[in-house]
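Heads up, the next two complexes both have chain A, just with different partners, chain B and then chain C.
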Partner chain A sequence: MLSNRLPTWQGARLLGSRPDFWSNWTALIALAVLCLVFGIGASHFLSAGNVEDVLTESAVLVILAVGQSFVILTAGIDLSEVAILTLGAVLLGEVVTHAGGLGIGFACLAAVAGGAAMGLLNGLTIAKVRITDFIVTLGALGVASGLALVLTSGTPTQITSNFLLRLSTGSVGPIGYPVLVAVAVVIAGHWTLFHTRFGAHVLATGGDREAARAMGVRIDRVRIAVYLISGILAGLTAVLYTARIGAAEPAPDTTLLLDAIAATVLGGVSLFGGRGTILGPAVGAVLLTALANGLTLMAVSQFYEPLVVGLVVVGAAGLMRYQRG
Partner chain B sequence: MDVGLGQEITKPATPALALEVDDLTKSFGGIVALDGVSLWAARGEVTAIVGDNGAGKSTLIKCVTGIHRPERGTIRLAGHDVDLSSPEVARKAGVETVYQDLSLVDDLSVVQNFFLGREDTCSLGPLRWLDRRGMARRVAELLSLLSVNVPSPSARVRRLSGGQRQAIAIARAATFGSHLVIMDEPTASLGVQETVRVENVICRLRDQGVPIILISHDMQQVLRLTDRVWVLRGGRLAGGGPTGGLDGEQLVALITGVKDRPA
Partner chain C sequence: MSLRARTLGIAAMGTALALLAAACGTSSPSTTSTSTGVTSSTKPSSLSIGFILKPVSNPYFAAMNQGAQAEAAKLGVPLTVDAASNLADAAGQANALSALVAHGYSCYIANPVDSTNLVQPLLQARSQHKPIVNVDLPISTSAAQAAGLQLATYIGTDNVAAGKLMATQLASMLPSGSQVAIIGGLASDPTSQARIKGFNEGAAGRLDIVQTVAGNWDRATALADATSIMETHPNLKAFFVANGDMALGVQRAIGTVGKQGKVDTTAIIGDTAVLQEVKAGTMAAVVEQFPYTIGALGVEACTAAAQGKHLPASVATPAEVVTQSNASQALAAFPKPFQSFSDPFTSLLGH
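Let's turn to the complex of A and B:
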């Protein structure tokens, strides 16, 4: 009796314990479920126009999640990411206002360079001065948002630029430019993580720092580099974000940071580092954007949105836990 | 040199020598951890270094792996004087160590762990990427050569048994340790069967001419596995010679120094 049952039981167990199945696909499964629910609940949700809108809107969050993923994969965290975005947007606005002659290209470059500088500073402080990442990036969050407020005296700068307008509204076929930028970042991030020596060292640093060090991986360099990447991508999103709202906004969008971290975790990146992907967090970012969009379409009060997002994040984490347990 | 094992020691000609240590001395504060120790290890042999805790084994090994710098004495690898100023220098000089904690990253695959820190890459212009297929093929070849069984080279190390993990760490060290592979208690945490498997891997490496230094507290293992044994006691060399013909009691007596006392 028992021996008859054993094979099935083992089979079921094997399927459930397929390495990383749940953690790699949680975001995608959740997205599919979401599409089903909202597709039935709000007929407009799956229309081509709305799908394009969701993708375009998710571009910023996708890029932020990629940056955050690199940091979290080394078992770190970047709390300053969105504050750096804000500072980048303000730098862009300042260049346009006070040095308009230099051109919008230079202004965009200033945003990315500012992000890179903040990221590098984060990385150096964490790796060389050896202060905990949580504290350093929390401090950087304060510094970057403070600088943004000081530089602008707290008022948004209106930016009229054909380039930025085209960036936010233009498209190749049905696919908007912001989506193309995000896709390029995701592909580059995936390639870097899984097909370069640096990517291997990121995973090793997060997986077991001492073992990686013993094998000659330069831990400090890797850790500095991931915060630099996060800073550069935050600078890049500053350009997309400014283009979308048509102004450099010095007040930080506080939910964006939590969404970026939530997307990363939803995407199967372990907060302890060492395991995860880039595609997962990208899907996680689309998922969170689609969730907000679907709730709006179903005329659910926007006050419910954080509540639902919170439940989805914890639920998804539970799904991953089930796989590991 | 005190030839404590009562056997003639004839040092082989230089080409056969993987490691020669001469008059090595290292102290920490006022404590002399290593006091004028001279010994050597030959190619195609497993050389044991034994001694009680605090006898100077780890200090000696740390000098050879570049972690400590000796105050006096010379280290020669394959007949050349080397200055092992850092672990990186020692690795580049062809000295690999299998530590007790293995230095494997659990979440990475066998292949990734094998090549960690010295990945093979392909390049095109400024782009450089991992030669993943090439590395997987090399690992599969190397492991089958040593008859190390793993589910697949792409399996995560976390899913492997202690013996498999140890075998991979040893195979990795042997692949890159062109002049010397040092193993620190390689079977201390393993069961009987797994110990046998790891010992087989060590024997196969020796037969391929890889010079191996084994540090072990397991006297039976030392007798079973090694061709030559050096005994350290209180930071000095207490004796050394071929393992053949020794028994455990003689070895223990030499380690504890009981033999020195008048009977």
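Let's turn to the complex of A and C:
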């Protein structure tokens, strides 16, 4: 009988009391420290306008981190996530360019469907053909970015759509639509992970696969599902990303992939699976975005910026370790 | 099973392959070839060209590829193109060129990701007496001399001059001492560095450069950077952006914060989307370089060299300032130059 609570097979990995609690708070504490430092160093950092900017900018990364979290919680990894985003954006652009009559809604659907198809393909290859996830998603990274290049011949497609413009710039009160979408994804992800049987199966699959199998969890289905989730969310971010920059770009931004994985791990998700949350990675994504924003506001030299980002990321991870005692 | 073990495994595999590639590179024969001989083919149909390019996911190199393909089709010369997978893929690009050389072509066009990474594989090509045309990013003269590598010609554009041109244009459009921010490409990229260097030189004493950031050739990054910069510098008058793609992201940022008409955007290189913005008056100016033409000239030069013709040592492709007044002209001629440009290879090819 599987409980909806945190599964007990997590216990095997836990040392000390409630490390989840501390690792969840790590990203938040690091974010608070960062806000303090930047708040003092750059007068505009905590202004309402800039906070809105940071939240809007982080929406895409937050959603990618949620997708990545589901995969990593099963002890997998999705290296193709951002390439799927790129492919989704290109599909959106192609529909708008060549089949504009079908409407922008259909174009957005194409992006999400493309993402879902790639995710499903990843999951099936990993679970059924039994090729290791690292290789499958690395291959999918190549396939998705290659398809994006083939479809566009390497040139970005400009997309002018009132719907997308409203999506990227509109807001409810001070909260922009992209932020609302990200918040909805985080809530749905949190609910799925901790309040459904599927969520418990995800944690079980990552925690101890053999034990979970013995308990009757259908491991293959769970693994296919998490890559599908990651693909669908990548397709969704393709819509937000395209709306934000007003074009479908054929080149994947690989730093975004590394940021999504970093946000997930900073958010307390164990790379070995079975342990973690959804809120943590979401805060981790905001942290990384705020870091880039603050460094620009403080006019840190472009040559020093990667250095500082690297040190802060490792420092934040160190904080997590220290707190765990 | 663990991620760490897998990562280590892959890293080890990568290292082994890199070492292997390096070993193959250094074992190439005859590194001091001084021959100027070329293959004696005269019929274009017996010629073939190998073109090693920078990543085609970048619109600039995509345009270069298109220019080369169009020219090759026109001349009836088979063209094989291979490219680096990203702007930092120095070893991968060298390996790709080695494969091209192993296959064997009558002539090679090389646009390296850095000034030295292709020297070794190009030496293999020279040892087979095949001419080499260097386009866009110049191969280091000292490295080439040290290795005994001879190049048939260099075709490209001066990015420092382009940056300076843009600064001069912008200074004429703004009050003296106006605040300007620079959004570059990758901090380590030589093309971005050259454009920024030129802009700084041209702006000295005329414009106030308040900040320089790296936009990583990425539209979303440039958008975020521009938003932050406008937050910090409310009196900012203009952005200088290292390429048109990022400039469109900056335009987006200006629109979002409601500073249209208050903050100008200028850039080096832009596709038709950028030219449309200039024509509409929403973007102040763009300095156009002509990657399409560079690609086409590369194929012409390679064909002429393989036929044994003597080439000029270097050919500078034009850089032209486009403002609202001549944007229509530029759009009509795109992707070719709109001012007169004499092609030095036309006469060599006898048409």
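What we mean here is this: the second predicted complex is superposed on the first by the 300 of 325 C-alpha atoms of A that agree within 3 Å, B and C clash if a C-alpha of one lies under 4 Å from a C-alpha of the other, contacts with A are read in each partner's own complex, and residues count from 1 in each chain.
Note that in this section a contact is a pair of C-beta atoms (placed from the backbone, for glycine too) under 8 Å apart; a residue touches a chain by one contact, two chains touch by 3 or more.
A quick note: this is a predicted structure, and the numbers were derived from the prediction, not measured.
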Going by the contact rule set out at the top, does A:N50 touch chain B (first), chain C (second), both, or neither? second
Once the structures are superposed on A, label A:S171 by its partner contacts, choosing first (chain B), second (chain C), both or neither. neither
Touched chain A residues, chain B compared with chain C: C
Applying the document's definition of touch, where does A:D253 land relative to chain B and chain C: first, second, both, or neither? second
Which holds for A:G207: it touches chain B only (first), chain C only (second), both, or neither? first
If you stack the two complexes on chain A, which partner ends up touching A:T97: first (chain B), second (chain C), both, or neither? neither
Taking the superposition on A as described, I'd like to know which of chain B and chain C A:L297 touches: first, second, both or neither. second
Contacts of chain A common to chain B and chain C in the A-superposed view none
Under the stated contact criterion, what part of chain B meets chain A in this complex? 87-88, 91, 99, 101-108, 112, 115-119, 121, 128-130, 132, 156, 159
Seen from chain A, its contact residues with chain C in the complex are 42, 44, 47, 49-50, 53, 57, 60, 75, 77, 132, 134, 145, 149, 153-156, 158, 168-169, 241, 244-247, 249-255, 271-272, 292-293, 296-297, 299, 301-303, 305-306
Contact residues on chain A for chain B in the complex? 19, 191, 195-197, 199-201, 203-204, 206-208, 210-212, 214-217, 274-275
Please name which positions on chain C make contact with chain A in the complex. 2-4, 6-7, 10, 55-59, 61-63, 65-66, 86, 184, 187, 211-214, 216, 218-221, 223-225, 227-229, 231-232, 245, 248-249, 252, 256-257, 271, 273
